[in-house]
Structure formats: C-alpha cells, structure tokens
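One chain, chain A, appears in both complexes that follow, with chain B as partner in the first and chain C in the second.
So, the complex of A and B:
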C-alpha cells in the first residue's frame, strides 16, 4: 500500500543545481504592489491599533486623538478586569467545538458526493446552501425559529424554552454555527478527494480492498492536509464571527454568549472606549496567536509534503 | 525586464493616487449659494423608502429655489453606521455639513466637541428658538449657553390600548398610575388574552421604563457626577417591570423573546389590552392588524409604582425626550447654507408634510399645535410636551447600556417564571458600578 502512495513521486525528480540560478534572477520587486497594499491595509492599522491600545481614546478625546493622553498598560489591566478572559474562553471553546463537529459532517458529505450518481449535482448544490446564505439571513431565520413561542419549541414540545439567552444560548450558538459552517469543510474535503489519482482507486481495487479499509487507509490520508488547513481556517472564522451572535442575541449580549467580537464591539461602539477595545483586541490576538503558532509548527501545513502533489 | 519594472512602478503610482483620492476633498467653494453642495447625513427610512426619496427630492428643489445650492443627502442604515461616520469625520475634519442624530445620542455627539454651539445669532439664522416646542430643546446641550442640537422631529413614547378589550373589562379610561395599569392588566388577562405587551428582549425599551419610573419617583439616575442606580426607586422600577411577567402574569411568557416590533405585532392581533412604549410611527402596522380601528393612544402613567400620587420631587415625565436633532458640523465650510437648510426643514409646512409622510411629530411648536386637535394624536402631542430629557452627559450611552444589561441578564430567570430581589439587586449593583465608572471618565 505504501509503495503505491510513493509511486507518483518518481514523476518529480529533483533538479539539484537549477535553484541557484533562479534565485539570482528572482523578480522580488514584483512583490512591491502586494507589499504596499499589505502595509496600507494590514501593517499600518495594526500599528495604529497597538498605539491606540496605549492611549486613553474615547469620545472626549476623539477629536484630537493625536493628543489623547498616553496611559501605558492601563487599558490592558482594565481589559483583563472587565470580562475579557471570560469572553476569550467562550470564543475559543465555541470555535473548537464547532470545528470538531463540522469535520466529520463535512468529510462524510464529501465522500457521499464523490462518486457520480443520478442527482449528485442537486445534492452538491443543496449542500452549499448554508454556505452561500449571508450570515445575517441565517441568523435572522434561526432567531425567528428559536423564539420562545417559535417553531422549534413547538416541534420539540418544549414550550417557552429560552434558546437565545441563558445557558442554552451557548449551545444555540454552537449549533447554528455548525449548521452554517460545515459546507466549508465539505468543500475542502471534496477538493482533497478530487485530487486523489485514478490509479489509486484502481490499485486498491486490484488489491481487493473493501470500501472501509480503502476509505480509512487510502483515501482519508490524502485528506489530511486540506482538512487540517480547513480546520485551522474554520476555527479562526468561528472565533472572528460577529454577525451570527450579534443578530441572534443582540447587544448587549447575554453573559453566556458574550464572545470576543461582541465584547470588543460593545466596548468600542456603544461605550465608545476605543483605547480599551483596542487593548482587548490586541490581547485576544496574542491569545489566539499562541496556540495557532504552536499548531502551525506542529502540523507544518505544507500540502506538498503530504504526498498529495501531482 | 525593463518594461516590467515600468509597469510595476506605474501600478504603484496608480495605487498611491487611488489611495490619496480616497482622502477626498470637499472644498465646495466661496460666497453665494449657487454651485455649492450641502452634505446632509440622515437616517435611511426602511419603512417608506420611496416616499423618503420623494421627500429628499422636494426638499432639495425647495432648497435650490431658495439658495441656489443643492442638497446632497447621505443616509445611514444603523446608529452604528452613523457613529462611524461621525468618528471618521471628526478625526479627519471633513464630511457632512449637517447631521441628524437621535436625541439620546446628542450628549455623546456633544462630547466630541465637533459641532457648532448655537448662540443668539445662530438661533436667529434658523428662525429663532421660540419656534420650537420648548420641551424638545431639553436635550440640545448641557445648558442654555451650550446648545448644539436643533430639534427637528420628535417621537414621543406613548402606550396603545385596545378600546374594545378595555370596554369589555369594564375599564372606563386608561390607567394614569403604574399600579393602576398593573391592576387593569390583571383584569384584562384571561384565557388567551393578556393585559400587556412588553418587549423584554428589546435592546432599548427596558431602560426607558426604568428611567421613566425612577424619574417620576424623583431619581433622575445621574446627579452631577454620581450615578444613582443603586437606589430604592430603581429597584422598585425593575421589580414592577419584571413583575408583570414573573408575578402578575399579565404578559405573554413569549415576551421574553420580543423586540419592540414583535410586541407591536402581538398587540396588533387584538388579544392584548395595552401595548406599552410605542410611537405614532407604529400606526400603519396597527392599522394593518386585527386591531384596526379598535385602538387608541394614551399617555404612559406618570405616577411611580407603589404610589398613588407623584412625590414632591418627582417629575411628570410622560416619555423620554425622543426624536432627532440637527447638528451643524464645526468643520463645515458651508455653515450659512447649513443654517438655511435647518431653517427650511423646521418650518411648519415642511414639518407637517414630514409628519404626514412618516409619522414623526413636528418639533415646531405651531405645527405641533395644529395636530393636537386630532383626537387620535391628542395624547401624542401631550406626550411631546411632557417629554423629559435624559441626563445630558457623555456617559449616558454607557448608563443606558448598563440599565439594559440588567434586563438582558435577567431574561433566563424571567423565562423560568420568577426573579428574586437578591438577583435584581446584584445586577443593579453591576449597573451602578459601570455607570459610575463611565461618569468618572466623563469630561
């Protein structure tokens, strides 16, 4: 089996010395437009955010924001004191749960639509519906269904149960996010499946592999790269999702679903504490970056090393 | 290679040029109205988009005829959009010349210091301060000398009641005290019929009740730089407000999930006695429901809960001072034109036309007077006159948020059907803390 996997690699023999020549002539200046854009849309705002997190910027100082008093780390101290860690915990746990739940659904859906059959096109299109619907629409529809006298309670016979506030709201958020986000994993898994060579299918058929060993030992290893990448992106998307909790629960959010983006939003746009909210954003960024960095180092998301390359 | 480099350079130049162009320039030029453009920022009207377009056109034409200049309307969809616009304009010193902002947002806008303070001369330019309903000036500035907000429209809060249901329950006239209201609501609640429709999940309604009941009991919530939320009057207000659902059971339990439009819809079905906290803009929704022709407006009670008459220091607040103010930007290069515009839209005929199209009450006193003879609107015009301004402090946004948060966090208890005083007190303590810290930061 393993020899089978390695076979295609022969098609890409190493070319030892050509690298040096290309390196000398690499047109690095082509990066300039992209680089400039990065500086303008990412780097400068990031530096600004760092600066704002160190000053006392609110509606009183906004007009002459350059002169806003420098208060060092006071914003950071206050942010840790005002429920930020609670929000980070909710955000991260919810994101991980949502990702963990969407992966099996997404892969299963991809496998189901891999082989051609009548009506496959329709099934594929239907699978994409949650993904193409705007977040706002998804959240509005779910909010309507989850009203105390809404259709969900009527079907479940749980009249008057509160889904959009209280402890259950956390699970509502996870559930709706899963509903809206699983097609992303599905798409990535499907892309991975499509890149599996014909010969692999034929070879495992020749070897007499049943569908289950074939799936678990031959096909799924091919998916490792794309699905891990999808997991990473999906988790970050969950953490950054603002529209869904905002439309589902409104602002101020119930404590159980006061996710990071909601907290930062309320702090900056309802309390108008721009300095404090910038500090919150920076702290969250660091907290998210640490596991992300470790994870990236651990899995080395280089699809080309996974043997999926052609 | 050479051409490639050239292209890249050209690309970078185009990019840089595009970016500088984004900075914008709004030099509208010097003297005389002709050829100038006045930029007005105003809330989008999602309820009557076509009529709103037509209104903008007619104002624009009138303005052109009077001054030779054109008005360019910019709309914003949410309060947040508006805030972002104000922020960027304030920071960059350029943007709309005239802003229409909500009354409770006026203190926040004032605290940025980016708007023209109205002196005698400025008031004269727009036709004098006297032309406005005096109550509407209550939230124009921290004091008479420092006013920035020019009243434009008012949307006083009233309650709507089902005339047939009240009659059937033998209630001669709508309640004027909160206790009486609770009593009548109990009489009205039977079978699938409820006494009150209350939007517990609304993001703004809860604080309006709590503020109103407290101020009627003599506690304006803010005194100088001190927050007075941890106070018996506030506690009583929350108890009453939550009590309708938890203890008195006069509200549909589903109301824990209602925002204001949902409460309107519930009342419109004709199975509810009162719909608390609405404005004339809800008229169309009500007229389209089963309640059509069977409802009327009434003043909200002005006697605090637990009392039969208002205490000596209590204020007869029938509604928060609600509506829109016009603000002229300090950085505007077209201030005179801006005042011309403000003058135009606060004239009686324009104000009445606006009312007919969109249901917002005139801020102009004469125009308001002509509406008071309409029996349906009597209570509304009275509420407009008895509207009381919420405290004028830049911290109000935070205080309002803290008051609403008490309600938001209490919903799970309400859904279970009971809420203890201890729970209310703990949440009030949190609200007090954040309100006080907001006031401490106020400058």
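So, the complex of A and C:
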C-alpha cells in the first residue's frame, strides 16, 4: 500500500485507457451518499466560512446569522491588529523547527532498524509508541510532568521553572511535538529504505565503500523522495495541530504559543467574534494550501491499472 | 552474520547500538515514569518519587469518581464505533466507483480526497457549528450537544481518508472476478456485497480503525459540539487535566492513570492490527 508516495520523477508513463464492457453502465449513483455528506459537512461549511469572514458575526447576530451585516474585508484588516501575524510567525516557525528536528531522528531510527537482529521487533514497537498514543494523552501526560512541582523540574533540579507559561512554553511545545511526531518520519524513511535493492548494497560492498560514504552517497539519495513527502505532510500536520497546544496550555494560550489554530479557536469560542475568527481561519487555510499544493502535485493519483502494487 | 546481512549493514555496530539505546530511552523513560506514577499514590507522586514507595491500583479505581471518565468513554465508544462502521462501508462503495469507472471529475474527486484531509479543522469548526445551531433555530432540530451531531461531523471527516485507503487497496484487486460475475448478470450491489467486501476485508478493517481513531483522538470538535452528558473521553481527560491547577492537592497519579485508560483502546487496536495499520499509515500519510 505504499505505492502512492513515490517521488514524482519516478512516475511511470501513463497507462493507456481501458474501456471494457463494464464501463457502459456506470453506477455513479453509488457516489451519492458519501458525496452528499461531504458536500453538506465540508463544501458548504467551506463556502460558509468564506462568507462569515466577510460579515460582522458575533454572539448577538449568531441566532440570525443570515441577516448579519456585510462588512467586506474589515475582518481581515482587523485581524492584522489582533495578533494574526504574530500567530502566523509562531505557527510557521514551530512547524518548520519540529519538522527539521524530526527528520534526522526519524532517518536514524529507520537506519538502525533496517537490518534484522534479535529483538528488532521490540525496538520497532517501542519506536511507534509516541505515535500510537493519542495526541490528547501525550499532551495530558506532558502537561502533568511539566508542572512547576512536576517530575521534570525535580529531575533537572530546576524547581518551580514554568514550562507551560512564559517564554519557555514555546520550546515546550516544540519539544513535545518532536517527541510525538518523529515516528512518522521514521515510518516513511523505513518504507524508502526497504525499496533499496539488494544489488545496491552488494555493489557498494564490492567497491569497499566505508559506511559513511555508503550511507550518504548511496543510501540516503533513495530516501529523498519519501522523506521530502513526509516533511510536507508533517509540516502540514504541525501547522494544523490544535490538540497539543490546547491540552498542554489550555485556552487562551500564552502569547508565546498562540499558534494559528489556538488564535482562531479562542477568537470564535471565547471572544465570540465569529466573523473575525473566520477571517483568521481563511488566512490559515491559505498558509496550508502552499505545502498542500506541492504535495498534490507530487502524489500519483491517476494509477488506474490493476496489479500496480509494488 | 551472514553475507547478506553483512552487505546490507549500514552502520558500525557500536554506533548502531548507541543510537538504538538513545532513541529507546527517549521514548521509554517518560513512558515508564507515566506507568510508575499511575501505580503510585497521589501523595507519593507529589513527593517527587520516580520509583513508587508502594505499588497499588488505587489511582485506577479512584479516577472513575474524580473525573467523569466513564461517561466520556461510553460516548466515545458509541460515536467512534458508528463512525468506523459507516465510514468504512461508505468509503468502500465510493472507492469502488472511483477505481473501476472513469468519468468526468474523477481526478478532481481523488485530488479532493487527499486535499480535504489537510484542511485545518479550526476552519471547519465554526461554519459546522453555525450550520448545526441553525438547524436548531430554523428546523427545530437539536444537533449541537448531541451524539448525532458529533457522529455526522466525524463521519464526514473520516470519509476522505477511508475512501483513500480503499482506493489504494482496490487498485490492486484484479477485475476478473467482478467481470465474470457481471457476465453472469450480477448487479453492482451484489458484486459489492459478494465480491468486493469479502475480498477487501483487511483494508476495510484498516479504514474502520482509522476512522475510529480520528474520532477518539479529536478534541477540537468534541469540545464545542458536546454537552457534559455527551462529552467524549478526550474532553473528559482535558477537563480533568485543566481542573488540577489551583486545586489543593494535585492528583498527578490519577491523571496518569486516566491518561493511560484513555490510551488503552488505541494501543489495543494497534497491537492487534499492527501489521495492517503501519502499511495504512505510510499509504495515507496521515495519522
């Protein structure tokens, strides 16, 4: 099932279209239940979000939101004064830092579990633990451990240090995200490593290449495609991550960790400024669309032939 | 060590051992503290013990009265269980049409399936909330605060991923069996029920589990679309955690026990279906 995530340059030439006897009566109506749901709960809300971002909607106008006054781009203008740029910066820097830190960890983990040895199964299972644990559980336990009188301060001997508030909270967020997210890069890198042919290993063994040149010149280039895709997806997930900051710090979040999802959430469900919050959410969508667009170009969607599983 | 293993070895042994030990420690040190703290007493944890002076399951029995965890877990199981079943079935049907038939807009739908998974939940939450509450105002239906509302939301957000998992699986399924059945005069629904569903059961299980986890792991929608009676396990744990600050005696041991209880269903699912799920992870690229 790993066929989808191949580097674009490896794309096979397009298969000729098949037109079998089965294609004449196409049961497209089977798409309706799923399609209808997605239209009602995804497409309509998307359009509605755009609309709300252009109207002055708050708790007073919510009951009759259809009649709320249209105010054009005023919400967008106001969001610039309400800490939007600060949050964009926090979100982007947090996402990039987390991705940059997880890549070497993930690749190293994949490289050390590539060869079979006794107990490898256990090691692989251990590597997956942070990933398997639900985000809200990870955030809850770290929140407990990082309390001023918690275990982290006891072990470090830094009694009373605030990890969940003030300037250190940013690094708390980055570190906990790294702890939770590196196995994703590991899994993708492992899938890439397994696609390296045995001949490649043998050839470099015959050449007598040392382990470091072999690793950096021969093996790692194979990982470029899968790891780049993993980076894109990981960055998207970091930017969209609401659970971790919400459970770690609570709402409203401290200023240093006021990432986009938190800002949008607090603006709508605590300040009850729905129009303003929608404008901020639209900005965060645009932020996400950039890596998403690159990703969609890279994934092969049009494989349509049976037996293409590799 | 065999010649094969020798040739494919990537790192000198000492380095390999060092990295493995470091990575395992990074995971296992916090984890073992969490487990040990949950077996300790609240007083012991507050005193800063890493190794409990007395082991006991006291925290595991206390959490059910301290936090509203049982309501949360029951609600989560109901909502996520239904989400899993329906999104796997709908996803299979949708994927079957997308894989086996060519029609205008097919590629757009496939692209949409991948793209929709990356739309920020915070963008969708507000309009979904507005729509659900206007269903109350204009149609006289209560949606916000009910399990139904949450179910519909989770089902829709799980559907793109379930469909995507099924698309990747069904692509690999040979057509001959269906074509034979079709020449025998079987209708599409019969083919789906008798051929596609049984043959793709492993993938359906994966799709269902991912849909279940999507709901189980969600805090965003559950925190807005539920009332105390309908709150999910995630919300119950989050509230329990944030109610600790300012309290007289911190109950960190119970906190750890509650967190582990909330993680248990997920861990069990992974342990049972580990082999399938890891493949599904790399295929969809989403947690």
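Worth a mention:
The rule we apply is simple: the second predicted complex is superposed on the first by the 242 of 310 C-alpha atoms of A that agree within 3 Å, B and C clash if a C-alpha of one lies under 4 Å from a C-alpha of the other, contacts with A are read in each partner's own complex, and residues count from 1 in each chain.
Please note the rule applied: a residue touches a chain if its C-beta (ideal position, glycine included) is under 8 Å from a C-beta of that chain, and two chains touch if they have at least 3 such contacts.
Since the structure is predicted, the reported quantities are computational estimates derived from the model, not experimental observations.
Of the two partner chains placed by the overlay, chain B and chain C both lie in contact with A:149. For chain A, the partner that touches more of its residues is C, with chain B and chain C as the two candidates. Once the two complexes are laid over each other on the shared chain, residue contacts for A:292 go to chain C alone; chain B is not touched.
Applying the stated contact rule after C-alpha superposition, one finds that A:250 touches each of chain B and chain C. By the touch criterion stated above, A:217 is placed in contact with neither chain B nor chain C. In the superposed model, A:266 lies in contact with chain B only, and not with chain C. By the touch criterion stated above, A:30 is placed in contact with chain B and with chain C alike. With both structures placed on the common chain, the touch criterion links A:63 to chain B and to chain C. Where the contact sets of chain A with chain B and with chain C meet, they give residues 27, 30, 33, 37, 40, 62-63, 65, 147, 149-150, 250, 269.
Considering their complex, residues 27, 29-30, 32-33, 36-37, 40, 58-60, 62-63, 65, 147-150, 160-162, 164-167, 250-255, 266, 269-272 of chain A touch chain B. By the touch criterion given at the top, residues 4-5, 8, 11-12, 15-16, 19, 80, 83-84, 87, 90-91, 108, 111-114, 201, 203, 252-254, 256-257, 259, 262, 394, 397-398, 401, 404-405, 408-409, 411-412, 415, 438, 441-443 of chain B touch chain A in their complex. Residues 4-12, 16, 19-20, 23-24, 26-28, 30-31, 33-34, 37, 45-46, 48, 50, 90-91, 93-94, 96-103, 107, 109-111, 114-116, 118-128, 130-131, 133-134, 137, 152-153, 155-157, 159-160, 163, 165, 168-169, 171-175, 178-179, 182, 188, 203, 213, 216-220, 223-224, 234, 237-238, 241-242, 244, 250, 252, 255-256, 258-260, 262-263, 266-267, 270, 274, 278-283, 285-287 of chain C are the ones that touch chain A when the two sit in their complex.
Remark: chain A residues 1-5, 17, 20-23, 26-28, 30-31, 33-35, 37-38, 40-42, 44-46, 48-49, 52, 57, 62-65, 105, 108-109, 111-116, 123, 125-137, 140-145, 147, 149-151, 154-155, 179, 184, 187-188, 191, 198, 201-202, 205, 211, 214-215, 219, 229-230, 233, 236-237, 239-240, 242-243, 246-247, 250, 260-261, 264-265, 268-269, 274, 277-278, 281-282, 284-285, 288, 292, 295-296, 299, 301-309 touch chain C in the complex.
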